[in-house]
Every structure is written in structure tokens, then in C-alpha cells.
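Two complexes are shown next, each including subunit A; its partner changes from subunit B in the first to subunit C in the second.
Moving on, here comes the complex of A and B:
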């Protein structure tokens, strides 16, 4: 345990400084995430694709960047939505839009996965025929392949996640400027 | 320990370089402007039915498209779709996808579909019974899906037609 020896060599002030460095990294990451939420208006500006329902466009483990545009949804938009009582958000394409007269924010939306045979009515809660703007977490504006595979592995094998955090933590604590 | 630190710097540097390359690649998408040829016209209406809760129209369209010029090195696929749009007293705007196709390469980007019918599960439906005699518009749009970077959508609008004045259950 070389790094413990290295920590042992440091005095109190150095230890404190390294601890603050670690705290800086954690809070910076949080600030970046919150700034992205503020800039995009989406409650979750970056998501990982978890199913194959949008293949061959998006595969499991791809990363998507979301935005919450001011304009109402249009057909062809790929949206991320979360219906009541569902844990995991879904990434699918808008195929029908009905915009009510007199209130442009009163909208009914139907979606479908590019790789699915039928529309999404069977995925909505029983009795729900349409999505509304309140269900939409964002519209897909950017795409980055493969990278999300890391988070899928981390979710499937929590030990891997803890090991990674431990190793990175050690790096930060022992590295000198 | 120094080996691990080297590995760490190497990984960080690789990540930074890849990120910059990805941004540069998607930046080239914004410079490209294709000159696709698209036409779409109404051929006939094969039926207008009153179903449980709504009207449903069976419109036949004639679509020709040459989208080869939309393909650049960063284009993974085009999601091409045809919309029928209409306005009713209760709905300010209704937009229905009637047909779609995924085009993965230039060889399949030339389309000639003289009798394009609504394709399952798409259907031209109203929320209610307002389609009789209703004017509708047609748009052809395609979502350009990249290998990495920004998605984009382009739309062409075409002259529409009028739905039959009465129900037609053939």
C-alpha cells in the first residue's frame, strides 16, 4: 500500500489540501451538471440508451444529449419521456401531434420506436392514449456512440463502480499538483 | 505508482483528443448543404371512415425523392417520413406521420413511390369527426442522424388536397 505510505508522509496541512482538491472535483462536476440543466431546460440533459427500440439509429450504451425547446413537439422529433408510474425513461420518436385550438400548450402526442412494429400505446399506463408536454424530459439534439456502455457496466456490476471510484480517489489524493 | 499516473494522463489526453475530434467532425455537418430533389403530390383518397371515437382517412400519395446529396461522411442514416397536416375547429394543428423509411446509404436514397399508402402503425386520424371536406397539407421531412454529433431535420411542404365531402367506406 504505497499510497497509504505517501499519505502518511504528508503533514496535516497537505492532507487538508488534498481533501479540498477532492471536494473541488466533486462540486465542479455537480456544477457542470446543474449548469447543463439550466442551459437546456431539461431535467436530465444527458441520457444513456438502455434498449434497442431505436436501432439502427441508437444502440444500447449510446449517449444522447437533450434539450427542452420552447416550441411545441413536432412529428419526427426523438423525445425522451417518462409516464407516471414508470421507473425508466423511454427514447422514442413522435408520430402524431394534436395541438388544441386556443391553447398552444395543450398538446396530445403519440410516439413509436423506430425498431418497434407498433406504436407506444401499449407502453403507456392502462387507459392513457396520449403523452402530454409534462411527460417529456427533452428532445434529442446530439449523439455520442458507445461511451454510455461504461455506465451500463457500472449499474450491472456495482463492485466495478466502487473500484473505479476508489482508484480515482487515490489518484486525486496522492497526486501533487 | 508513476506508471499508473502515466496511464491516467494518457487516458485523460486520449479522452480530450477524441472529444475535440468529435466536435470538429460534427462542425463539418453545419457547413454542408445538400440539394435534395423531392416532390410529393396527392393521387387519390381511397376511403374516409368513421371509426370508434374518430375519423380516419386513407390517402394515396406519389413520392419521388433523391436524397443522395444529404449524405456526408458523418451521416449514419436518414429517417425519411411523410406527414399529413390539417386544422379542425377543435385542434389548431394536427400532424400525422403517414409513412416512414430508414435510408442507410446513398444507393437507397433515390425513391420512387407512385402509390404511397399509410403504413402500419401510422394512420391519418382526427380526434373527433371533423375530417369530411377538410383541407390537408403534405410535408416530406427527413431526420439526419449522424455517426457522432448533432441531429438535424429538414422539411419540404407540398400542396395538399381536400378530404372527401362524405364518408366513403369502400
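Moving on, here comes the complex of A and C:
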């Protein structure tokens, strides 16, 4: 491939600079992600909807933007939560909130997917009937339809993800701008 | 076919194999790829400068490399340092200020890198160091716009204003020629032509110092 010949023609300093170019692109994407985490207060500010349990509101492949609100959850909020032992967080709606007398931030939450038959008690760990605020990753504040399909494809076919990264890496390493 | 032809044919074979063994691999550059053409020409010019006895000053390149490595180190620290791993359910974001500090430091470092490239280097392909009692410090700049055919080479004294920007016309030694003058039809670089032109400009620039 010609790009190997290109790299062979460069001296050590130029090679180092090209490698740094690639590294700077990767690290600036990482830093943008970190600043989004700091700005929204949520651990994962952008998520992809993986199931159809919130149809017709959200379909599989939609991207959701999350925020950690200052006020406690209310019924009707669409939240993304993760219980202990779950790998993938769930996006569902809050349908019940029980508040302890005198302490408004200590609440019990019950959720349900709009498109599901029953509430989420079957998804919580055995013996747990309620969620509390520490389980919540964020509240949905915006969404983009369809764009998350790329992430789903890359998850289902990991070779596609590696091939894409390899091709992009080659482009950056041999670019001369 | 006839036995009398055997001898010349054998000689032809010997010459043929001899040609294949000698000579290094010849580089052929695609004549439509202006970036490769510019890189080849720049390398030849720098070679000519070294041949004429100038020492290349790598300070700005080294500065960019150091800034870049530092920025990547900060990014790796922010990502992999154990106390900063934002695992669920520690949602209250331990060490928020440390992460914020990393982000700010990274932004500053990467902007500095851009500043060095934009303000100090501009069109320069090489800067030379002054030798006391010898040649003065020079700035060698070149320009070959995308899909254009004219290569501009400018060699000026390093402390001259706008020395690193091509086309400043501040009396610096400059020349503009079509790339056709420097490359063969098949993409091979005519190294001696470009080196000759570069040597002429170098002598011009060095002589202008004494004026």
C-alpha cells in the first residue's frame, strides 16, 4: 500500500508529529466527552435506545441526551437508570414516586416502559421493589432520531467497528495538512 | 536461432541481470498528488541547505512534540487514573475539580500547539541556526497550493519581518517555477535541478545579510 511508502519517506520527527496528530484527535474526542460529563452531571450524557419498550416515543436507534436535574424525580419523567448487576442501563418512565415525610430527596421510585405490559419490578434485582435516586443516571432532555443505528450496527458487528477505526487511522496518519 | 547468435544473446542477458542488481529503488510520485510533490521538493531543498553547511533548527518542531505528548499524557491520566474512574453508582462524581482541571489543561496545551503552528511556523519548512562567523540564521519557506502547478520557494533572513510567510516580497530571495521543471514525466524527482535552484537562493540570502 502506498501509505507505507509515504511513512517510509518521513524522518523520525515527522513520523512522531503524524502519530501525535492521530493521538490529538483521539484525545480531543475523549476530552469533549469528559467536559460533557462535567457539564451535565450525568455519568453518560449521550445514550442510544436499544429496545422498543418506549415506543411510540422512542424507537430503537434513537440518541438521547441526559442531564442530572437539581430537583428530585417526578412522575412522568423519562429516566435512564441502572440497577446493581446490570450492564446496560434502561430508559423508562417514572410512574410512582413515594416521598419520605420531611425529607424530599429520599424517595422511592417505580418505573415502567410505555410499550411494556407491566411495570419494571421484574427487571429490578430480586427482592428490590423500588428505585432510589442513586440508581438514576440522568433524565432525558433531548433526542435525535435514527442516528444511533450506527452504534447498534457497530455493537452487533464488532469487525465493522475495528475496520472503521483502522481506515480512519490510516487516513489521519498519511494526511499532510 | 543460429549458433552465431548465441554469444551476443548471452551478453545481453548478462547486461540485463547486471542492471537489475545495481541501483537503489527509484521513487516515482503521482504527479497529481500535490502534497507528495511538495514534500519531495521540500526534502530536496532541506538536503541542499544541509549540503551548503547550514544547521537545521528544530526548536519549534520539538516544542510541538513536547506539548502534544504532555496533552496526551493529561488525557490518559484523566481517563485511567483509578480515583477518577467514574463507575456507577458513584454518581456524585468524585474529584470533579481534578477532571475539570485536566480538561482545562488539555484545552490550553492543544491551543498552544495550534498557536506555534499558526503564528511562528506559517509556511516555513525549515529554520536554520546562525553559526557565529559563519552563515546567518535563515527561514526557508515554500508554498504549493492544492492542485496548482507553481512551486514558490523563499529563503529569507530569520529575523526579517514576515520571513516565514511566502510571498512577503520583503526583498527576500524567492523563486516561483512550475513543478514541471522539477519532475520527470514518470514522477521521478530531478533532484539536481531543485538542489541547484535552492543553492542559488541560499547564497543570495546569505549575501543579503552583509548588505
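One rule holds for everything that comes next: the second predicted complex is superposed on the first by the 177 of 177 C-alpha atoms of A that agree within 3 Å, B and C clash if a C-alpha of one lies under 4 Å from a C-alpha of the other, contacts with A are read in each partner's own complex, and residues count from 1 in each chain.
Everything below uses one rule, namely that contacts are C-beta pairs under 8 Å (C-beta built on N, C-alpha and C of every residue); 3 or more make two chains touch, one makes a residue touch a chain.
Computed from a prediction, not measured in an experiment: that's the story for all the values here.
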item	value
Partner chain(s) touched by A:137 [first = subunit B, second = subunit C, both, neither]	second
Contacts of A:35 with subunit B and subunit C, given as first, second, both or neither	second
Partner chain in contact with A:17 - subunit B first, subunit C second, else both or neither	second
Broader residue contact with subunit A after superposition on the shared chain, subunit B or subunit C	B
First, second, both or neither for A:100, with subunit B first and subunit C second	first
Touching partner for A:112 - first (subunit B), second (subunit C), both, neither	first
Contacts of A:57 with subunit B and subunit C, given as first, second, both or neither	first
Set intersection of subunit A contacts, subunit C complex versus subunit B complex	6
Subunit A partner contacts - residues on subunit C that touch it in the complex	27, 35-36, 38-40, 43, 58, 61-62, 64-65, 68-69, 71-72, 75-76, 78-79, 86, 88-89, 91, 93, 96, 99-100, 102-103, 106-107, 110, 113
Of all residues in subunit B, those that touch subunit A in their complex	1, 4-5, 8, 22, 26, 76-77, 79, 81, 83, 88-97, 102, 104, 120-122, 125, 127, 141, 143, 145-151, 153
Complex interface listing, subunit A residues touching subunit C	5-6, 9, 13, 16-17, 20, 23-24, 27-28, 30-31, 34-35, 37-38, 41, 43, 68, 82, 84, 134-137, 176
Partner subunit B, residues of subunit A touching it in the complex	2-3, 6, 56-57, 74-78, 93, 95-102, 104, 108, 112, 114, 117-119, 140-145, 171, 174-175
